[in-house]
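What follows is chain A paired twice: with chain B in the first complex and chain C in the second.
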Partner chain A sequence: MKKIALIAMTAAAVIATPAMAQDVTGTINITGSVAKKCFVLNGSAVSSTFGTTVALGELAKSDGTLRASSDLSSAFATAGGSALDAQVVCTSATPSVSVTAEPLANTVTADTGYDNSIDYRADVTLTTVAGDVTVNDPSSNIAATTTNLTSRLTGTGTNVKVRTSNWTADGVLVAGSYTGKITVVIAPGA
Partner chain B sequence: MLEVRIKAVWMVRAAATAAAIAVTGIQPATAQTYTYAYYQTANKSPTASLTIPVKASVNTSCGFQQVINENFNVGNIDEAGWTRSTSFVPECTTPWRIAISSTNGGLLNNGAGTPVAGYLNKAPYTVSLKVKSDAGDVNASCAAADLHSSAGTNCTFKGTASMTNGLRVGRSYQLIGSSIQVAAPAYTGPGVLISGTYQDTLTVTVSPST
Partner chain C sequence: MRKLIILSAPLALLAAPAMAQTAVDGTVDINGSVAGRCMFIVPNKTISLGEISLASNGKLDVSKVNGRSETLTGWCNNTTAAMTVTATQLTNATTAPTGFDNRVDYTATAVTGSTSANDSSVTAGAGSASSVGLFSGDIVVTLSNASTPNNGLMVAGTYNGNVVVTLTPTVTVGG
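Take a look at the complex of A and B:
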């Protein structure tokens, strides 16, 4: 009888073996993408542009010639204030940068000995992970100055600063309004 | 006479063994079965009886009517929100558990390398379960990050299903309406997602439950 009982228990044990183990019953693959792009961050707000209008005031000294370059450079930075600084972020690693400075021009004709155009140099400093990169473009040169960054723009804080230097003009400035423009284009690059 | 008794005992053993073997091969078995062995000796009762209780059960089974195999391309994840869903039909004859694991714990850009401050190479999304059962609907939702092997225990259906791990669901056999949904709003920060392709794999497992 002992043998019988043992055999019966063995049978019961086989039957009571827990059910089938877990099986993989599904696989879900998800893919998405992020395109190359650059944008301006202002806090949490995203935009495609930054900038301001800088009013330099009187450009000439009492003798009619252009104020000192250092004076105008300082005035430009002061008048532009924080609007001359921006945080630009690119999803790509090596953005390209193009800077075009256009002279401050007056539509009034300038006779000999007078000038109706003021040249300067736009100095744009970009802070990258590898360090600062400055792109300088003189307004006397119509073509833009371009460069390809070799590392990513920093992801936090201000990383683009626009300044000016090398202000020049020939002779006495004719009276009137002078307008110019600095255009900075930061693109995702290759 | 002694010889007869020995034979009789042998007969009993053989019958019991046969019954035990038969038990293991029959599903489902029912009630009790009586097996009789006979022997005869002089001046003794002509019969002897042997009772063998037999227990049996039907193995629990648990799976899906059709294996889930989905490939979702959700587009530019930083420009538009996305939602994808897949339905399934459980076939579990007892209470069971379902669990999901995430390979990356989010949509990962493997080619981006280690991101510098302000940038990210992984985007979050949510995994939601809706399971029909005899005991009613079971709903649960977790961040994909909580489905990664390195995550803690925030999610009730993280990992690999077992008798004790996973979201417990009542018996559910061929009930229509169960689904797994993955979704995320357009990613707007904090941080900027690095350009490239993002990817994750969810693995779904089920198991009978204790």
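Take a look at the complex of A and C:
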């Protein structure tokens, strides 16, 4: 009799127990990406270049030799003004920087005792999250000076400054126009 | 005399009427139940946004996010079934310095029939539940209101997030 009752109870339990209500979930995964890139910000304007023309005026002293280096360095910064400073941002963490300084040259031939090329050093200071990094490239060396930043360029404010130093020439400068160029290339890097 | 009695015995047998039979029946009750239940037929999809920053300035390109959608399929068999959405922001593991962002927020809206539920990834957790009742069919999930915390430059790399749609069989919405 006890056995029969047990069986009856078990059967009743099976029939009466409803399946438990359970939450179910559906998932939509969302993926996206941001490529490595660099650009120049000027306020809200965005471009791929920055720069200006720096007119140094008379390069020679009254004796025909090059003005003092400190004088030219100061003149360069003053004439270039704020255009020598830029905000460059990169989405990548370790941009690469290349600086190439080309001497100021005059196409007029320089005889012995004269010079038609003025060398200097381009000093480019980059402000990174970890601090300033300066890349120096002498115009006497044709090759660019390159470096890989180890931290990100700051995301706000001016973070690239171009200055010059170590201006030098041999002898009397031949008359005429002198042109040179500093090229700064900032790339996203690895 | 004894013989007569014996002979009458068959008469007695003949006279005995059959006893009246009352109809009886036995009953087997049958019962069963169907639990409130929901199920996804298509429980997973992926929305690939591709490049999400503007080539021009490196900030979020909201057009890559807003309006993007995918469709799940499911059903619920209960009048009190509810649907909730949990949107989790897209993030990049790389640290974002000042001026940069490594997070993309958005609103996810799930629609089935005339019922919708939504959630913003700006705040953690699920959005409000909406009653879906009995339904069977598509659940279209659409993204909108894309933004970054600082409207900053997007840090390079991969961004991942997700939208979870939860169907609950027995919830009284607003009760």
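By our rule, the second predicted complex is superposed on the first by the 164 of 190 C-alpha atoms of A that agree within 3 Å, B and C clash if a C-alpha of one lies under 4 Å from a C-alpha of the other, contacts with A are read in each partner's own complex, and residues count from 1 in each chain.
Please note the rule applied: a contact is a pair of C-beta atoms (placed from the backbone, for glycine too) under 8 Å apart; a residue touches a chain by one contact, two chains touch by 3 or more.
Just so it is clear, the model here is predicted, and its values are computed rather than measured.
In the overlay built on the shared chain, the residue A:S92 is in contact with chain B and with chain C.
Touch criterion not met for A:S73: it reaches neither chain B nor chain C. When the shared chain is aligned, chain B and chain C each come close enough to touch A:S33. When the shared chain is aligned, chain B and chain C each come close enough to touch A:G155.
Once the two complexes are laid over each other on the shared chain, residue contacts for A:N116 go to neither chain B nor chain C. Residue overlap on chain A between the chain B contacts of one complex and the chain C contacts of the other covers 15, 18-37, 41, 46, 89, 91-93, 129, 152, 154-156, 188. By the touch criterion given at the top, residues 31-40, 42-53, 55-58, 64-65, 70, 72, 74, 78, 90, 92, 94, 97-100, 104, 108, 139, 141, 143, 152-170 of chain C touch chain A in their complex.
Across the complex, chain B meets chain A through its residues 12-13, 16-17, 20-21, 23-24, 50, 52-57, 59-64, 67-79, 82, 84, 86, 88, 94, 99, 107, 109, 115-119, 123, 125, 160-163, 180, 182, 188-189, 191-208. Contact residues on chain A toward chain B in their complex (touch as defined above): 3-4, 7-8, 10-12, 14-16, 18-37, 41, 44, 46, 89, 91-93, 129, 152, 154-156, 188.
Chain A meets chain C in the complex at residues 15, 18-37, 39, 41, 46, 89-93, 129, 152, 154-156, 188.
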